[in-house]
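Structures are listed in the sections that come next.
Here chain A shows up in two complexes: once beside chain B, once beside chain C.
This part shows the complex of A and B:
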């Protein structure tokens, strides 16, 4: 006798197929009986929430960036133009202000430098540490817990810790530099070192994350690959370089996407480190410039235009990633 | 999986152990690198500000045993509790409902988009996933406009302020709760979807054939199986929302509704210079809830961030 569950499942599969290609021509024949509609109470309210707050807000922001909205009052949507984008690229005196406004090139350049240096170093540190942790060590959980600890902290808190570490008179960094006969050096307010100091503190906070991602990637590689390389007589470094690291591509890409997006969000860190909207030109990134223009200077529309540029940067990184994930069926 | 013999290969006893020694030295050294900023902060936070010299920030206050290290005092922590008290209360009012709401709605969305399968759901789901990566700057000005000029939340709260424990400024926290719920939904949905994809279809199919409604399937089958994932999601969301500054800065702006991260930015700075013991105590106090969650549920946190 056949298992009744198997029969039921087959019947259900047939039932599903009707749905899948027909849609309207199901047994019940009613649109209300479709699974998409019947499950709507579950997915529709959350979808409306993100539709309104995320996508609605993005579209609204694009429209705002075309207005002259500045200072108090409310935006005037009757005259839309691309003036803010022209100002963002070339600088000059916009029609909505009597002051000259700087272009965003400096902040854009800093954003790219921070993004690239931060994510590349994070990945490198994370990879080396993942390989070390993967050597069958004792107390592995303790080490992993310590390495990931900074990630549980707020940007605001890490900025306070590093502000103290970097302090000219009492900071540990300068004490160590003094121990080897260098310094003391002004770090936090030094135009040449600011951005590197910010990147270093962010690497401290997030390299543990890269390690966790790589460790999961390493654990997914079958042991036989390690053994085969061993049998071939490859040295440890050669084995990792030629056999193991190429298999970590997926881990690298997903960690890279998350880290670059984190670096675009470094606003909280800079705001806390510099105690306000003014990190100074050599540490100014698009994220801080945008908030400063809108919330400190009241140049709302111009801030929105910078936000659109930031959004496009994020989209250029994320869209290909989501697309390949979709094609691989991994969503 | 990775045993010593499997990966380190055959080595002479001495060579083998030397390798291991170097390995452990590097691992401990890196551990020190990650802990030292927190350790110096902790040591500095228990020094009486009057005796603080800053010469040995990494040492505990051992005056008079070790001169120059300062005297032990809880004054900085008392100052931090005074300075951050209101912010801590506001952060709790914000973070508890926002975490629960985003987790619950995320679970429902993932259920409707995964367990119940229908055509076109992947398109909807992609919009959820893309939401994870939005730089928040791209929505800030509209959000401020929305909460200050479109939705009359403030007027709604003015009569409510007559109730006990409700203040007019709580409208800003409600706005922040809704905002954080909306922006937390994408990652929550992703985490739950990954979990639901692994569940076997048989139970759901059998229940459907038994005539169970979709709501019953969710309540009776999926929800009980989601409890481990709820732990992961709640821990992740709690950390994210507690640690956020940007939304608070642009929606609360300033005033009585300021959350703890906002209060922390300006603490410990005065005309007479920086009070480092107070500032470190405040930083640790603001970080304490997420640190405790991390120390007790670290494995779940790691699961959340690695997804």
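This part shows the complex of A and C:
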């Protein structure tokens, strides 16, 4: 209904009808008279700027990843090949370096694990909180604010905060574990728990966001749906499972996209927590690997290749969302 | 068509659009042109980029510049501290400027193999800056680090020593440990065991959330166990795996005496443990001593002391800052004057009095430095060799350095000695 393309098409059609009524208008002279052309001053500058700085930069990055650009100087665009991608997948000594380069599988796998575990748990926690807050409890706004507050913190603050929380001696996490007779457990540098610890901290930070999105979704569902389910004798769990949650599909998808993108940006968090872009093999993600290659080693082309892989991963998440939105006419 | 009002506005719109486009283009080209100013006409304004934006570093660079300007009042400074931890942002800023062909006059950098990062951007300053005076008065170690591919391109300004073992006197007295009696890295482990037995203090304060402290510790132990020859073999890429493993094993042995929450604390917190008497030893560069001298009632000799890390006597493990001369320099004459001043004993004393490090020149009058610095300076002049630090970028090229850090970030997870040793030896391939 609200598809701007449709509206534009209708407008253009209506416009032509009026011209046809006028009788004397010539189609040939009207190209400058079109709405799209006449509105150009409004849409063209942002279109060009976004085209140049977003899409232009992405395309440039892709081309850069095909070069052998390394160190100072300027890239040589005359010899493009897929060497960097071969190196990224299989490792080995590339032509532009005397050092062996490891493949990116470890970082890629960690990225996927972090992305999936973080997004799924975050959504689940957010949904439960939204349903609880939606029960018409007292101080609803207060709770909502409390849950959402962590999101207003920067990754740097969260990372330092959780470094303290995970402290073996004085951290709250280990105090609680100690209270139930477990531990103390080394968390920050424990290869088995590192990534989980990072995911947990991110979930703490962003489940409030998932809650807000779900809460908006829940509020949009007419009360009659709840009442109808009740009248039909559905239990609370059954009502939510069969009637309410299926209607939250759009909310889920839009929250998922945002959360996934956040998980790809976990770089800041790792950088602050481990004091640099060396979080260790069990928490190394593509973003840290990319910065290491590009800025520590000056392997610009190889860094670009990793960036392209990261971009493809992000696209794989976002594209289906955009496509379904488009199909449903919501774009 | 004539009845349509938009006809008029269309022309207006087109005019406006093209005017805007022209203005936009002019804006772009105007921005790009700004960079040329420096290259064409030599200026007396020195563009100095550094990361000493606060604390002792900031006071030190201010003292250096003030001293320089007294001698050269005609030289102005476009001094720009670049914020950011451990110079990584600074390197990025310099890199962007170099790629835009708009180099600064000079910038703060580690000398040695770190220079490889901006390969081709430096210019030889042998003769005018690196004259006979500098060559006579810099010891071999720092002098080698000032060269890149055999030519002198940078002027080391200060030296922080890496192979120190700091201790809290009261804690060691309680434990009955005499630091002067330790003579090998394994003696440190034994001393830690004694401290652990006899006191409540943490024997060896160390942070393990980041890898750098452990790399430093390992390189010091490697130097102590394998000697200068074994150390140099490693940094030249011919490391002996057994020697590397042995040093790593020594780190693993020490690990038992770390604070239990070492992975959650920073260097500052670890160092504070020593100041508070909660820890006995800390291995660090001598910036650790800077914190001690700022603490009232915590005095050198009485409350804390320092020994050369056991096993490394005769070596002064170097971490230096330096100012290189960049080719296509925006202020050639002023930069040379400034670098010469950085190479003078006077400038170095002014700088290091604030920074807490020591002058790289062997003829400096260090009476204005504190007694700890004077002792360090004495050690420095008496040292048989001055090997470059691995962690602090002097000894290995940036790519190798990244590989070594990666190996240690894995080591901190698993403490796998043989696997890490293999990665370290292979870091050069």
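Simple rule for what comes next: the second predicted complex is superposed on the first by the 299 of 331 C-alpha atoms of A that agree within 3 Å, B and C clash if a C-alpha of one lies under 4 Å from a C-alpha of the other, contacts with A are read in each partner's own complex, and residues count from 1 in each chain.
Everything that follows uses one rule, which is that contacts are C-beta pairs under 8 Å (C-beta built on N, C-alpha and C of every residue); 3 or more make two chains touch, one makes a residue touch a chain.
Keep in mind the model is a prediction, meaning the values are calculated, not measured.
Student: Based on the superposed arrangement around chain A, label chain B with chain C as either clash or fit.
Tutor: Partners clash after overlay.
Student: Which partner does A:52 contact after superposing on A: first (chain B), second (chain C), both, neither?
Tutor: first
Student: Taking the superposition on A as described, I'd like to know which of chain B and chain C A:226 touches: first, second, both or neither.
Tutor: Only chain B; A:226 stays clear of chain C.
Student: For A:267 in the superposed arrangement: first (chain B), second (chain C), both or neither?
Tutor: first
Student: Which partner, once the models are overlaid, touches more of chain A's residues, chain C or chain B?
Tutor: For chain A, the partner with the higher number of touched residues is B.
Student: With both complexes superposed on chain A, which partner does A:194 reach: first (chain B), second (chain C), both or neither?
Tutor: So A:194 only meets chain C here.
Student: Does chain B (first) or chain C (second) touch A:204, or do both, or does neither?
Tutor: After superposition on chain A, A:204 lies in contact with chain B alone.
Student: Is A:100 in contact with chain B, with chain C, with both, or with neither (first, second, both, neither)?
Tutor: After superposing on A, A:100 lies in contact with chain C but is clear of chain B.
Student: Where does A:153 make contact in the superposed view: on chain B (first), on chain C (second), on both, or on neither?
Tutor: First partner only, chain B.
Student: On the A-aligned overlay, A:310 touches which partner chain: chain B = first, chain C = second, or both, or neither?
Tutor: first
Student: Taking the superposition on A as described, I'd like to know which of chain B and chain C A:33 touches: first, second, both or neither.
Tutor: second
Student: Touching chain B and also chain C: which chain A residues?
Tutor: 38, 40-41, 44-45, 74, 164, 167, 169-171, 275-276, 295
Student: Along chain A, where are the residues that touch chain C in the complex?
Tutor: Listed in rising order, the residues of chain A that touch chain C are 22, 24-26, 29, 32-33, 38, 40-41, 44-45, 71-74, 97, 99-100, 163-164, 166-171, 184, 186-191, 194, 273-276, 278-282, 284, 292, 295-299.
Student: Would you tell me which residues of chain B are touching chain A in their complex?
Tutor: Result: residues 1-4, 6-9, 23-24, 26-27, 30-31, 33-38, 40-41, 44, 54-55, 57-58, 105-106, 108-109, 111-113, 116-122, 124-131, 133-143, 145-146, 149, 178-179, 181-183, 185-186, 189, 202, 205-206, 208-209, 214-215, 218, 239, 242-246, 249-250, 253, 261, 264-266, 269, 276, 279-280, 282-284, 286-287, 290-291, 293-295, 298-299, 301-302, 305-306 of chain B touch chain A.
Student: If we count contacts the way the header does, which residues on chain C are in touch with chain A in the complex?
Tutor: Residues 1, 3-4, 6, 10, 13, 16-17, 20, 85-86, 88, 91-92, 95, 98-99, 117-121, 208-212, 259-261, 263-266, 398-403, 405-406, 408-410, 412-414, 426, 428-429.
Student: Using the touch definition up top, name the residues of chain A that touch chain B in the complex.
Tutor: Interface residues on the chain A side: 5, 8-9, 11-12, 16, 19-20, 23, 34-36, 38-47, 49-58, 60-61, 64, 74-75, 129, 132-137, 141, 143-158, 160-162, 164-165, 167, 169-172, 175, 204, 208-209, 212-213, 216, 218-219, 223, 226-227, 230, 236, 257, 261, 264-265, 267-268, 271-272, 275-276, 286-287, 290-291, 294-295, 300, 303-304, 306-308, 310-311, 313-314, 317-319, 322, 325-326, 331.
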